[in-house]
Amino acid sequence: MTDIIRADGRNSAQMRPVTIERGWSAQAEGSALISFGNTRVLCTASFTPGVPRWLAGTGTGWVTAEYSMLPRSTNERMQREAVKGRIGGRTHEISRLIGRSLRAIIDMKALGENTIVIDCDVLQADGGTRTTAITGAYVALADALEWARAQGHIAKKAQPLRDSVAAVSVGIVDGVPLSDLAYVEDSRAETDMNVVVTGSGDFVEVQGTAEGAPFKRAELDALLDLALASAADLTVLQQAVLAEGQ
Amino acid sequence: MTDIIRADGRNSAQMRPVTIERGWSAQAEGSALISFGNTRVLCTASFTPGVPRWLAGTGTGWVTAEYSMLPRSTNERMQREAVKGRIGGRTHEISRLIGRSLRAIIDMKALGENTIVIDCDVLQADGGTRTTAITGAYVALADALEWARAQGHIAKKAQPLRDSVAAVSVGIVDGVPLSDLAYVEDSRAETDMNVVVTGSGDFVEVQGTAEGAPFKRAELDALLDLALASAADLTVLQQAVLAEGQ
Amino acid sequence: MTDIIRADGRNSAQMRPVTIERGWSAQAEGSALISFGNTRVLCTASFTPGVPRWLAGTGTGWVTAEYSMLPRSTNERMQREAVKGRIGGRTHEISRLIGRSLRAIIDMKALGENTIVIDCDVLQADGGTRTTAITGAYVALADALEWARAQGHIAKKAQPLRDSVAAVSVGIVDGVPLSDLAYVEDSRAETDMNVVVTGSGDFVEVQGTAEGAPFKRAELDALLDLALASAADLTVLQQAVLAEGQ
Amino acid sequence: MTDIIRADGRNSAQMRPVTIERGWSAQAEGSALISFGNTRVLCTASFTPGVPRWLAGTGTGWVTAEYSMLPRSTNERMQREAVKGRIGGRTHEISRLIGRSLRAIIDMKALGENTIVIDCDVLQADGGTRTTAITGAYVALADALEWARAQGHIAKKAQPLRDSVAAVSVGIVDGVPLSDLAYVEDSRAETDMNVVVTGSGDFVEVQGTAEGAPFKRAELDALLDLALASAADLTVLQQAVLAEGQ
Amino acid sequence: MTDIIRADGRNSAQMRPVTIERGWSAQAEGSALISFGNTRVLCTASFTPGVPRWLAGTGTGWVTAEYSMLPRSTNERMQREAVKGRIGGRTHEISRLIGRSLRAIIDMKALGENTIVIDCDVLQADGGTRTTAITGAYVALADALEWARAQGHIAKKAQPLRDSVAAVSVGIVDGVPLSDLAYVEDSRAETDMNVVVTGSGDFVEVQGTAEGAPFKRAELDALLDLALASAADLTVLQQAVLAEGQ
Amino acid sequence: MTDIIRADGRNSAQMRPVTIERGWSAQAEGSALISFGNTRVLCTASFTPGVPRWLAGTGTGWVTAEYSMLPRSTNERMQREAVKGRIGGRTHEISRLIGRSLRAIIDMKALGENTIVIDCDVLQADGGTRTTAITGAYVALADALEWARAQGHIAKKAQPLRDSVAAVSVGIVDGVPLSDLAYVEDSRAETDMNVVVTGSGDFVEVQGTAEGAPFKRAELDALLDLALASAADLTVLQQAVLAEGQ
């Protein structure tokens, strides 16, 4: 059976070119400039000793995330949320998703009473910004943890990372399940699913939405197959990037 | 194999008692006071001829939703979002979910240039408020559409409802997949999944989150089975309620 | 002299049917769902040990109130104040009125360093929402105090309630003083007065406003007579409701 | 019977010295800098042809008011509401009171489709700021109307002013009814009442509040007597000020 | 060479009449009502023992300023920033300028751990409000410091004032450098410069802006000459005002 | 006379390495990623046909700017202004400065009824972010204008750019005037001056502030000399970058 050819030349299961520039920021404890094709996200991890008041004395740490888009990351300029004076629902939702995804692979006891804030700022958007952000955030997070270990903020032998995490968007376009949707595909998808997967291949989040018609169980299964395969590729890339000296 | 007995006497696949008081509000074009056990949500549907500016002239309608919790719907009083001056991320996220779920079963062309706003106000919360809200919102929506037909706002033969929609939360607690989690179960769940299903049994939304450990493909499958079964029960109840004269 | 017959069949001095469902909420320390005709308000009382910082160490407690209307409590849907991001003047004004009315009958020393927050959420509005709220709030407050006594938060013999409190709106419509204005009457009233009265028959608040023409001293006197009579009826009802086992 | 002597030498029924500097502002269409003792309020009236959208085409005008206190008008500096980002309940409540009081004496048809905004900015506060503001606002309003007549915005023979309006605070301190409470009296008052009265001696607003113990009908009557007498004095002063060439 | 005559009769280097009413407020620790022609600003200085948390224990004090315009200080009424719910960029910028200007002449060690907040409220605006405010703020500040010395909050021999400070706006209108621009001049200026100068004749701030065409070095020099001369006049006036018994 | 050697090896008049990546963004009509040493700013220019309502029908265009810092552009993570819900004074002030600087070199008639919004997002901050932003914004602006000409939005022969513009911060550190202050120098500067200069060498803005002691006329002159020299270097670089094919 022959596969389709997508607008940018990919086949159905293929991701766009993925690049990760580790340590892009001179200021942050960990950082990565990550691209899924034309989608480019700057992820920084800020490490601070101590935790919010509601965790003080519990011996456990905290990891949270904030997502934002530059006003001209998109094809038409958007108004800044700071100018509007309020953060929109979509921004909140994605920030919460990124935070949950990272917390799922962290051993908060091993982190100890330390806080890591991950900022994911979309410099350029072409679909899949949240999955790009999660995948890059993991690299920034891993480096911030190594920095903290080197500084003595966490114990030499502590293993705060229980696993790695990556994410990919998959969807059904014209009846065909596709991996890593670009913006033009995403806007035409009948079903859109963001899947967050650990390096071990288990699910952290599955968020499927019928944009057009409701979807059947078999379609759901096909999308999950695609997502697991692409996430496995991203895991390999993350490991390779982190294996290099910085 | 014997099933477990839950704290409130249910077995694993059983929902809490569900009641729907249709037409609770004397003001709204459609309304329902719905309970899933102690979770009680007042759903109203407000019909207005006309659409937001970005839809004017397109011949298509609009359906949107807003979710909110009364400050003392919960065990500890929460601060009102109006007092805080901003709507939290969770509220935005749930409002968006309810709106998408309803739009998935509406034929916007058949609705014509009319707008329906669904308000889901949680009067009492004991887990599953978003799924309770979606299930009740469908009843309020259906009644508002009949009202609009009677008033001549939509054509006699138009069929804006393509299907019905209901929702249920399922999750894994102590390794056992359970349907319709009460608050005490939800707070202990390893995995929590909200599933929105049409009357025909297709998916509108699948939102699974690993609260503790990541979940395996087999666990995901078991949860989806549970959710489809419970949603089918809700569909039957919705049909029965709507079949009565109001 | 024959009295007038109002649109809903009442005579001039007659209130609408008043019902109080005590203990409506399973979560709050005290609660009441109260109706003045079609006006329905859910009042909850939330008890917390401790006081705001400015009262700490004074040995006196605090009682405050928040009033809000559900968006579709009214005939036309209103925008939520949480969505607008600010609380309107009318909401503030009514919240302050309810709080003052309750504080007037509380012995703050007998309450001790405890805080009670009363939430009055209007589920359906047909005139007189603030007076309905005050009347119901008293019942919720009384129950919260009994709960606190049972829990040992206030002393067995302490008498934090110095009196009871109820409220009624009166007004002049077509030259005739009427009690308990429904919305259609209120919107046509020349003068509108909200009167808050203790169980002993003294005034806590008198707020009279000329909506059309200024009003004369004799008219003011007639309205106060009506208000005192209706408030006395409400006092009897409150006592009856509180005398029942909950 | 001998009357009491108050801290500043007044007897019970006596107001503080009242001065009105008409036309204080070179910018506004009408203005007055008014003092009730140390309470000083700058009132300006801004006239604009045209009305808000909801009145367009009705042939009627609109009058509204905004009240504010300079941060150091009080003994302890208050935070600016612009800095807090929200207007407090008290400010809203007083702005609404001033607006209603002025609208009560305006014939909106005679005003025609014109808008007048009254700003009352408290430069120095020593009790009675809202009643001082209403009394000064009337003078600013009257001058703005004359300006509008001279400019041809309202007809030569139109009589938009149906009456004048003035206001005074009265209260019971140590059991004695007093007129025009200064701050030290106001903060000790058992009952505090703001009364807005037309030049003809009818009531526009009566707002009585039990600050300590509830008040009796006889006390209410005594306070109203005091208020009417003081308001009559203010009416005479307003007329004298407006009779002078500006 | 003959100088030009300006619309209000001044020559190019002449300021408008400047008056300073020291101690205008009965509430503030220092105050001045200052006029540059029709521009009138009420400046109050509020002294509080103690400093913000970030200065506690350092032995140094803090001086800050807030600037605001009454809504009808201008020819057309402006919306209040409290109503808008946010402070505009211009207001922030001017508040910051006033604060920096005053801090430049204060010895924070000699002030000790005390805070002074300067409020500059523009009652009437006709150009040069920020320079008028700075000049008046100095007088209010000086009086607040004397009050604090008299109260024992600062040491008898401490010299928190290292110098005085005054400010003037200068600009090029129709090619001619002018001092102290009135509003009609300011709105036509090609270049506008605000200059803050100490009593010793050194610069605290120089803010020059090309409103129309960029300006040359020689023009800059001419404007600075004008500004220094006018500032010297203001210094003399400030000293005279402060030399009088209050 | 020998010059000093600065911490990073520069002499007093030397700027840090300046790089401009023109066309960094695939979305914007013009863009530049500019670095002054470790300070990195992404400047995008968004072109839209049409103007704000207050300019419609005047035949003139509009150019405005917004400045923002990523939360981890600095050494310590800052809270996002969108999270705070309000834009700080410093941000407003810099946005306004950038906008004015660009408008000073634009012929708004030649631009026609078109709007350009410049976004300057600081990705990494090490002093001089506002001057870096202005210098990069000019390149983005020039490209957006060429894009608009190519698209036919502005006339073939129109010359909306009257000149170029660049900016540099200069200051006095330990008594020595230095060009292009890095963060460690800026935080120690006695006087800090931002100077915006056209390609022709005239001033658009001169903003000098005494951070420590007031500064003398001679110091001001020395700083202006430095700024003009550095700005001339920036002008050469801008021209070179724009001369390349994109």
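Observations
To keep things simple, chains are lettered A, B, C, D, E and F as they appear, and every chain counts its residues starting from 1.
Here, contacts are C-beta pairs under 8 Å (C-beta built on N, C-alpha and C of every residue); 3 or more make two chains touch, one makes a residue touch a chain.
Please read these numbers as outputs of a predicted model, since none were measured by experiment.
Counting only chains that touch, the fewest steps needed to get from chain C to chain F is 3.
Without chain C, contacts among the remaining chains keep them together as one piece. Matching E-F against the pairs in B-C, D-E or A-B identifies A-B as its interface repeat (over half of contact pairs the same by residue number).
Most remote from chain E, judged by the distance between CA-atom centroids, is B. On a Cα centroid basis, the chain most remote from chain C in this structure is F.
Mean C-alpha positions place chain B and chain D at a centre distance of 51 Å.
Rounded to whole angstrom units, the spacing between the C-alpha centres of chain C and chain D is 28.
Within chain F, the positions touching two or more other chains are listed as 85-87.
Following the touch contacts around the ring from chain A toward chain F yields the chain order A, F, E, D, C, B. Across the interface of their complex, chain E is touched by residues 86-90, 92-93, 95-96, 100, 104-105, 163, 193, 198, 200, 202-210, 213-217, 220, 224 of chain F. Taken together, the chain B residues at the contact with chain C in this complex read 25-28, 31, 38, 42, 44, 46, 48, 66, 68, 70-75, 77, 80-87, 91, 117, 119, 121, 123-125.
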